[in-house]
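Next come two complexes built around chain A: one with chain B, the other with chain C.
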Partner chain A sequence: MALASVLQSESVDFSNYGRQRHGFASGLYEAELGLESVGGDRLSFALSTSCSNGDGPDRKIEFLHGTTTLAFKFQHGVIVAVDSRATAGSYIASQTVKKVIEINPYLLGTMAGGAADCSFWERLLARQCRVYELRNKERISVAAASKLLANMVYQYKGMGLSMGTMVCGWDKTGPGLYYVDSEGNRVCGDLFAVGSGSMYAYGIVDSGLKQKDLTVEEACDLGRRAIYQATYRDAYSGGQVNLYHVHSEGWTRVSQSDVLMLHQQYQAEKA
Partner chain B sequence: TMFATQVYGDNGKMKEYHYTGPVEHRFSPYSFNGGTVLAVAGEDFAIVASDTRLSEGYSIHSRDSPKCYKLTDTTVIGCSGFHGDCLTLTKIIDARLKMYKHSNNKCMTSGAIAAMLSTILYGRRFFPYYVYNIIGGLDEEGKGAVYSFDPVGSYQRDTYKAGGSASAMLQPLLDNQIGFKNMEGVQHLPLSQEKAVQLVKDVFISAAERDVYTGDALRICIVTKDGIKEETVPLRKD
Partner chain C sequence: MAARYDRAITVFSPDGHLFQVEYAQEAVKKGSTAVGIRGKDIVVLGVEKKSVAKLQEERTVRKICALDDHVCMAFAGLTADARIVINRARVECQSHRLTVEDPVTVEYITRHIATLKQRYTQSNGRRPFGISALIVGFDSDGTPRLYQTDPSGTYHAWKANAIGRSAKTVREFLEKNYTEESIATDNEAIKLAIKALLEVVQSGGKNIELAVIRRNQSLKLLESKEIETLVTEIEKEKEEEAEKKKQKKST
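What follows is the complex of A and B.
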């Protein structure tokens, strides 16, 4: 398996031990996909169920179910906007998480679900994309990159990985946007929002995208506003809004805005 | 009792003190040994501090078990959670540091150690090391750096971070005093080493008041370009 070979560690005897039951109180990420990843009874060990008594690590691993990430295609490329809050239960573990992973200068990946799962597998994806470039002497397409990621995590399906990511880039077919998750979904689309605050974000982006042909600045404002509104209403999203724009030359980091500052700015605009 | 069973409920605290009926006992490979760790990064220094109490349930195993471990001349790691995993993890890190030194003929930088620790932790994604790690040290430019981790390897660089049992008590105070959060009209002065050390002492004294797992003594490791200085300060022993 990819995990064992990369880390050169002997395959773990208790490899199915730590499988978590996704009984999170918010249960929001899984709920959106209409899926329930229960540990399952693959193990003959009765030990697997003792995790559920709230042992430290199972409860305190940082899961970014509470999150809002979005990406949408428009005339001039792809806009990617994310919040920056990470929660461990109801404790806010960090307000400064980088939920956009820079896979390479023309590919971005977003993070939702398990923080370690997302950053590890997307870092591995970066490695695979580089190998592809060296072997084929050309950049990897967004479709191929997202497929690599989907296939990597599919091997671990049912083992408790939690990852909901959007692979965004620009290749020779134009702007590319794929949603990939740890359940095995891989879908191409023009607009995705992932996380507990996604419904609020969808509302803003759907209404803003009605008018066609957005300029880069309008699209950035739309993405920023959508995340801000999501952080306003979703307790599990917050911190800062990180905004990226993917265009034909690659991606650009547009802005990082503190949500409190945005709030004051929008209040002032209303007046 | 020396082995952990399901009688210990959330967070290692005992579920019930009095017998209330049949209880199912299950072996748990984990145990919670308490302890709090804190790291602060300054302009040209880094501080890693931890209390020295080692507990299990209602007992204290030791009053002198610091949770800071020196890795290199410019990096210190603080590990709290399950003491067994802390020991093994630090042994593994030391071994990997040696291997790197032999292969590459140079010491690992703080950033490299952080990236390596992330993959070591993720290697046990399905049977995690029950350890909350915080690395404090100097980066390649000589500036203070703090890296905080979750048990499965997610990490990021911070200016300050508290981890362990009293982290939820310490972190908000640090947010206010070092991050100047929720303060208006205050000048953002850079943090001096003396002020940082005093703040760390004050913060731990407060934590020892209200967290049962934190106390006995405070070990502070100050990392500067001149090396690592250690200071020990007594805390409440009750």
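What follows is the complex of A and C.
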């Protein structure tokens, strides 16, 4: 079967590894719900800290949930904008993290949550997409790619994966944007922002997108400004704004702008 | 020589044959004829209907089955084996829709069926499926397709093909008569399928079952009345042809 074949022999075999359901798995759930900042709302995009703290001395996994990633569809494709800060508690671990994963020349994935989880599963997705392309002699659709990813991580639901990613691309039905996370959510939409700074980013994009028919320039500017504003107010986001544009020919890396430079630029414009 | 190498199918004979697979192909040749034609906006499947016993309900034996809204297949060979293959193919069509959010292409489902058949030629304690299948349909971009699979697990695309008893005769007829103008319209394509079957089926239209898929429409089985009408049309055309030839000869 299509589903079974993807999940079994063809992907990396974790059959014994992670299959035992430890007691802490249920404990993890309660801890997650407690820490959830948006009440008991299941479809929350603000990822919570997971099991890592206090589950044994060697469980110090560095999570990127302190982050802002954003993607939105517009007339000429999809704009993907991310920050580049990684924090471990209040320590800034890095200001130059690459939070956009280039799955293949026409598909992008963003990274929020566990860095290892995101990059591993998205690289696995890249492999699956390539196999699909070779077998079926045509590119995989964004819907199918996001479904493959969602199904892959669903098998590990409750076992401590932390991943909130947006799969962005262009296929024969036009621009595609899906939000996929380790809880098993997979949602199609026109605009998503993920991470601790997402609320600030939403504010900017929501007001900027009111006027329809953005040009590529305007859309890039909007994405850049949204991330900048999020880094301005959110302590856990910062570094540089990496901006990508997905169009019919694939994706292009538009710019990488340091947040401090942007700050000076915008201040100058105000004056 | 063959006797020692046809027990377990995982064994090659010294001269490179898989005898079980070849015997399966013989079983296919015993089955009733099926013909498939790929037109421009239509794909046609025709099968020879086996005569049923007096007390048997006619409609329970169907040799043309829909795999999904836009794909269907006909087979020749062991009906019971076909039932299994069709079941698996139907499930795969839905599985594909679930994981990929798109209907299967005809090539994909053919490949799936062929892979299934090949698996059975390379495992212990199982015999190959004794059927050849003709799979027809339209892809989502509107291209009509016709594929044929056989018990060994190979598949090929065809413009027109026949399987089962007297497949060779029918195929030769098709090779002579399949031209661009013979499939110019839907009706012409259907008539070509009937003409091909009439070559080998005795007693005409009553023993023919026909199904068509048109672009963006589901499988439609033609009623016997429609087939009868077309058969009479064909016979009239034949007579007119014969008349013309006679006149030519005399003048």
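Going forward, the second predicted complex is superposed on the first by the 211 of 271 C-alpha atoms of A that agree within 3 Å, B and C clash if a C-alpha of one lies under 4 Å from a C-alpha of the other, contacts with A are read in each partner's own complex, and residues count from 1 in each chain.
The rule we apply is simple: contacts are C-beta pairs under 8 Å (C-beta built on N, C-alpha and C of every residue); 3 or more make two chains touch, one makes a residue touch a chain.
Source: prediction; values computed, not measured.
In the superposition on chain A, A:V97 makes contact with chain B only, while chain C stays out of contact range. Look at A:A144: by the touch rule set out above, it reaches chain C but stays clear of chain B. Of the two partners, chain B and chain C, it is B that touches more residues of chain A.
Of the two partner chains, neither chain B nor chain C is touched by A:A268.
Contact with neither chain B nor chain C is seen for A:L134 once the two complexes are overlaid on the shared chain. In the superposition on chain A, the residues of chain A touched by chain B in one structure and by chain C in the other are 3, 6. Only residues 3, 6-7, 9, 12, 14-19, 47, 50, 53-57, 59-62, 86, 88, 91, 93-94, 96-98, 114-117, 119-120, 159-161 of chain A touch chain B when the two sit together in their complex. Those residues of chain C that touch chain A in the shared complex are 91-92, 95-96, 98-102, 105, 107-108, 111.
Against chain A, in their complex, chain B makes its touches with residues 6, 9-12, 26-30, 32, 81-82, 118-119, 121-130, 132, 148, 150-154, 156, 158, 168. Put simply, chain A touches chain C in their complex at residues 1-3, 6, 135-136, 140-141, 143-144, 147-148, 151.
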